[in-house]
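Two complexes, one shared chain (chain A), two partners (chain B, chain C).
The block that comes next holds the complex of A and B.
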């Protein structure tokens, strides 16, 4: 009991510390001072009266949402004496692996730099600045020569790194046994099995209404949909983050989704936020970074070629170019196993005073990165709001998909979860695919790294991302990947090569996500 | 079905030298021939084709060219012009155009008919009802209404106008202007060039008020292509296809460059020649995606209203030419409606095409068009399988059957207070395969029961 209490007070102290630096704190202070004018505030019972005032005026709700947001994002401290690296990643070998992967990426970036003799960053001449400002809303029309640029890495390169990850303390033994893991990932991390997943995702059960299933044309809306929409509107009226997160586990109605996501991510468009975005825009105009070309290349290669997202090309530039310059993103490296790459001013290599983070936000984009933003363009049209939502989604979820860590939502765990589910519940299929040289992870990896963006139809993708937000976890990606394999199992059993297996799974655009998940979790005989 | 072998850029037609109406149970034997006339210039259509071997198995085979010995003809408009007057057609024969379809599909005639219809509505039902016809921008036929046009032009200085040739398609010959001077120059040019060509008559144009506040997605202008199948005008029976698409212009919309036709004209034919055009992209969104996008931005109510307004456009435009079109029980027509949405979510009718392009720009487009054709043939029902009381066949919903058609089954709510919802599902889920299966199954059962 005592331990729990001291843990709690530690957590409270940390959150208070964090919130003290935020905007909300100064707003609350201002509100408290202003409230002194009100007649109901009396000097004798000052504390209670102000608390009461906050409750009525909705400021308490805002504070609640902020606290809830912090709890969702920050991992709980394990021990007061734990060094900061442990917050990033407790396992040493994982940290080492991430470190060497980062070195490789940086080397690749530097060599591209020297090869093309382009500086990592340069200040734009005034003429160029003016031109860019004019073209800000249509940067997609620009056709810079990007042929010499290559993406720094692609998901399949990252997969190779994960395949070669080994725990030095784990002795697998040479003999094969029923415990042997037949997949590509050879790390002994704890992953959930179906009974545990059923408990975790209880709201996706057969007896609970879902959007994506119970709103289909055959089902009369009175049965579930109307009531669900009504509750959604109520949740929005109350402006309660925690309630929204619980609500969205059953899916979000199309009309309410944009606001619900903003509520869960605790994004409110204050004038300061818009100003911050404008500041970032000015940074983009004034300085040109090498990563900008990488971003251009990525957008042109992926989103512009997509049948549906090509329309939003300009928004993607506006978001991603600003994102690279946003130093507030650096704070997420406290709980990300990755570390921002450092670069040194010319001639001052090794001197810490002349070190800067490059790119300023510490995130080097890879092939397909722009697909994280593309689906959001469907929901948000105001650039600064779109930007905030994307940034929050990145620092809460997406960063885990391309850094090596032992977190249950990290990509390593997701891969292991996927393979374990397949091996345990579809052993024949798994074995068959392995025999023909088509390890299932080789096909599903790219889906999970992109959180299925660009592979599923947009409305299905948004239903999936509803659940990511609702459960505050990415495990559902691995479950969906396994469910897709289960769905196409009959065809997959007949293929005889990796290429044929890829062909069977090439087109996911007709899949309905929620029925697949429901059947896999709740209706398969285990 | 036999349309599974459709490919782009080919041409063909169905024909039956046996002149048999297939009886129940008898496999329909349609033979096709390729007409000797080539596609007339100015229409620039690509027509669909069958590969010989592929449709043999489906009851179709390619036959020899023989005049007048066919049951079903998906004809060229030029053939229609030349032959329809003196070709005798048996009762069961079907032909894919109405003789004077141009009353609806040529811009100047359509405008004339709409204006006349609007006046009539105002007389009969009042201003409010007539206002429902205000879905086409102010249009003047040139050169006949030149002076009226100049008057309107002077009343609204500074607005942009668009000049469209009445009989051309795919964006040819269209340009924008703001000053009378621009069209004075153009008038002189065309007059000069026409003097040299004695045979070609002066082309008619319409000048139309350009919609300066189109709805933009991703900063781009787009228009909607919707398919309406008319089986007869008297009585008016029209079907609306659930699928369709939004065509995007490749460049961002701005009123600064009215010379840049790539910005303003959204036809794929024009966009294909734009330097930004990437053929893989296709620059199209299926209507389902468009509807979802609007719903997430404006809410389902606003979207419902928009689509109701579009239904209104289809019905009123057809009603306006109902009495003018030469009614012929052999004829049916598949129209391609071009609709533009403005920023207030008001739909505008740009034009109606009698021969909508059936060339596919992408795999998805190909699927849409083949399914569209297949369902058209189902509705035309050469095999006489339908009872005539169906409200839905595949992707087509019966929109108007000599009166509005309600989504609800059962007797019509005549009290006028009920929630009348039209039987249209534009941009909604199109589970046509399932519906067709169920439909034909139940038809078979009915036939068995009655025999």
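The block that comes next holds the complex of A and C.
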């Protein structure tokens, strides 16, 4: 009916608007002009002929991929009367909570600034610029004194904020009743139950081949693996984002993963992209930011200590320092409940012409942030490509893991989904853990915030992230967290303290992700 | 035919509750909002827009005068229209909603008459072909919307984060 039609035209208008600023638009324009030379393009049927040319030459497919990419990221247009804040986050109390949390972070950063007498940003003297340029590929060898710096916040601080979230319109009384949530999250968000998850993750079912299960050494490759690889190669040849996204739900062959992810995220390394990355590098050379020290500290504390990722230390600096300077990241705040921190040029406080965002990309890293990048280093070795992939992963998925929102893939929903799954399908375990003061979310929160990076073995992590891309949702993180608890339920039933429970779940490096997910969703008696 | 806002007076909510309102043990599940139209001229209501706040179902009833001699009748335009698919969760709880003329099942929103002149009902939408002038006005609106978005802001990458080469900052601002 007419409402849907006007919704559609609004979506189309917004996507056109978005794509107009992209490289693809100028490329298509150039191609259209160039095609006028071609004999098959006739003036009488100009529009149709050019469209046909685009179809044959593969440009239509590129446009399709770009539109598909936009649809995956951009939320449905809301009501014309809805203000921009509504698009960021529809629930007022959540917006307020996010605002308070951000204020705390800003205060923490400001006090670090004043205590250490270090400016937020500083232009590097020429000598220092030259030195950094020379050291660009081995910044890990630097041992700056970071002892005075502390991470702005750690996941457990964020968890405390989420635990205290309340809907002012939700009455469940002070005393424990059947209406009180037994877990830590007290917000009545809608989360899926196992029947709904089974429908949603139907390709993970017992009758469908999976990489991570059906490619194990005992299974002859003719049964599934060979055919799956062949289909993957075909998908790559077609360069179709939507097909790749569907394909990767069953996992990606290692050899094809880098290309498949790039196709799904619609990343192509054009010369303009490499140039853009070089520009960001120049920005890093020219200005030193306080957040750089936070990044250094984070990398040194997390990735450098990790057996799998320490080799990539230099790459991590090259990506994260550039990420902080990238103003194109600011556009994702249109659909992120968070807002970029603001500051003013020294001496121009309050004058809007001198207002800037800090850091330039508006994202303040927290403890463990570098772990979002680390696994990608296994797939991409060219810094600008690695950078693009990470940036796209961040603005599509990772930002939801550390901002307060009601989105189904937001961390609040993931926490509630995890707790609800555990309560519903492992009630005895849940009750026992609660009784001994080991609320399950306190253990699993850090896994979900980091999307399991640093907790699983890398090959398993990449199989998990395949599915995040395939389903365009982070819900699988909550399902896996519950599946891990289910797997270790017997041991957990025997512990009598939070510390002992944590010990049982301390080492996830031997876990096989896909069997756990499959059993939990499809093979558990409900 | 362009749309204009109709001035209306929205009264406060009244709870439908049996018994003494002061004993607040039971929370009433049904609230009533009266909307009156002080304007004198008759108008054809096209759209009702509001922001929801935890209402699960909505019914709309209108009181219509057909002529001076018959008493005003109450008609139900919308019954139990679902705003929140699961009333115990947040879905739809704070959404902006528009209700259109064509959503009212059997009749249009009737014309409100302030003076007793009998008037024809306007043609109904659902079954017959759309009215060309209406379609053209809808298309015009969509076009205006597209133009508005196009004119508003570019999505080109800005790139610069400094102001004239300077990025020497104070502290972070809390506003």
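We take it that the second predicted complex is superposed on the first by the 519 of 526 C-alpha atoms of A that agree within 3 Å, B and C clash if a C-alpha of one lies under 4 Å from a C-alpha of the other, contacts with A are read in each partner's own complex, and residues count from 1 in each chain.
As a working rule, contacts are C-beta pairs under 8 Å (C-beta built on N, C-alpha and C of every residue); 3 or more make two chains touch, one makes a residue touch a chain.
Here the structure is a predicted model, which is why all the values come from computation and not from measurement.
**Q** Given the alignment on chain A, is it a clash or a fit between chain B and chain C?
**A** Result for chain B and chain C: fit.
**Q** Tell me which partner A:190 touches in the superposition: chain B (first), chain C (second), both or neither.
**A** A:190 sits against chain C, while chain B stays out of touch.
**Q** For A:247, decide between first (touching chain B), second (touching chain C), both and neither.
**A** In the superposition, A:247 touches no partner, neither chain B nor chain C.
**Q** Considering only touches as defined above, state whether A:14 meets chain B (first), chain C (second), both or neither.
**A** In the superposition, A:14 contacts chain C only.
**Q** Does chain A have more residues touched by chain B or by chain C?
**A** C
**Q** Answer with first, second, both or neither: which of chain B and chain C does A:138 touch in the superposed model?
**A** After superposition on chain A, A:138 lies in contact with chain B alone.
**Q** According to the stated criteria, A:255 is in contact with first (chain B), second (chain C), both, or neither; which is it?
**A** first
**Q** Considering only C-alpha atoms, give the closest distance between chain B and chain C in the superposition, rounded to the nearest Å.
**A** Superposition on chain A places chain B and chain C at a least C-alpha distance of 29 Å.
**Q** Which positions of chain A sit in both the chain B and the chain C interface?
**A** none
**Q** What does chain B use to touch chain A in their complex?
**A** Chain B reaches chain A through residues 217-220, 248, 251-252, 276, 278, 280-285, 289, 292-293, 295-297, 299-300, 362, 364, 428-429, 431.
**Q** Residue numbers of chain A touching chain B in their complex, please.
**A** For chain A paired with chain B, touching residues are 137-138, 140-141, 217, 254-255, 257-258, 304-305, 307-308, 310-315, 377-379, 381, 458-459.
**Q** Tell me, which parts of chain C touch chain A in their complex?
**A** Contact set of chain C toward chain A: 27, 49, 51, 53-54, 86, 88-91, 93-98, 100, 102, 138, 141-142, 145-146, 149-150, 154-163, 166-175.
**Q** Quick one: which bits of chain A touch chain C in the complex? Just the residue numbers, please.
**A** 1-3, 5-6, 9-10, 13-14, 16-18, 20-22, 78-82, 86, 90-92, 103, 106-107, 109-110, 113-114, 119-123, 167, 169, 171, 187-190, 276, 279, 283, 287, 325, 327-328, 330-331, 341-347, 349, 353-358, 360, 406
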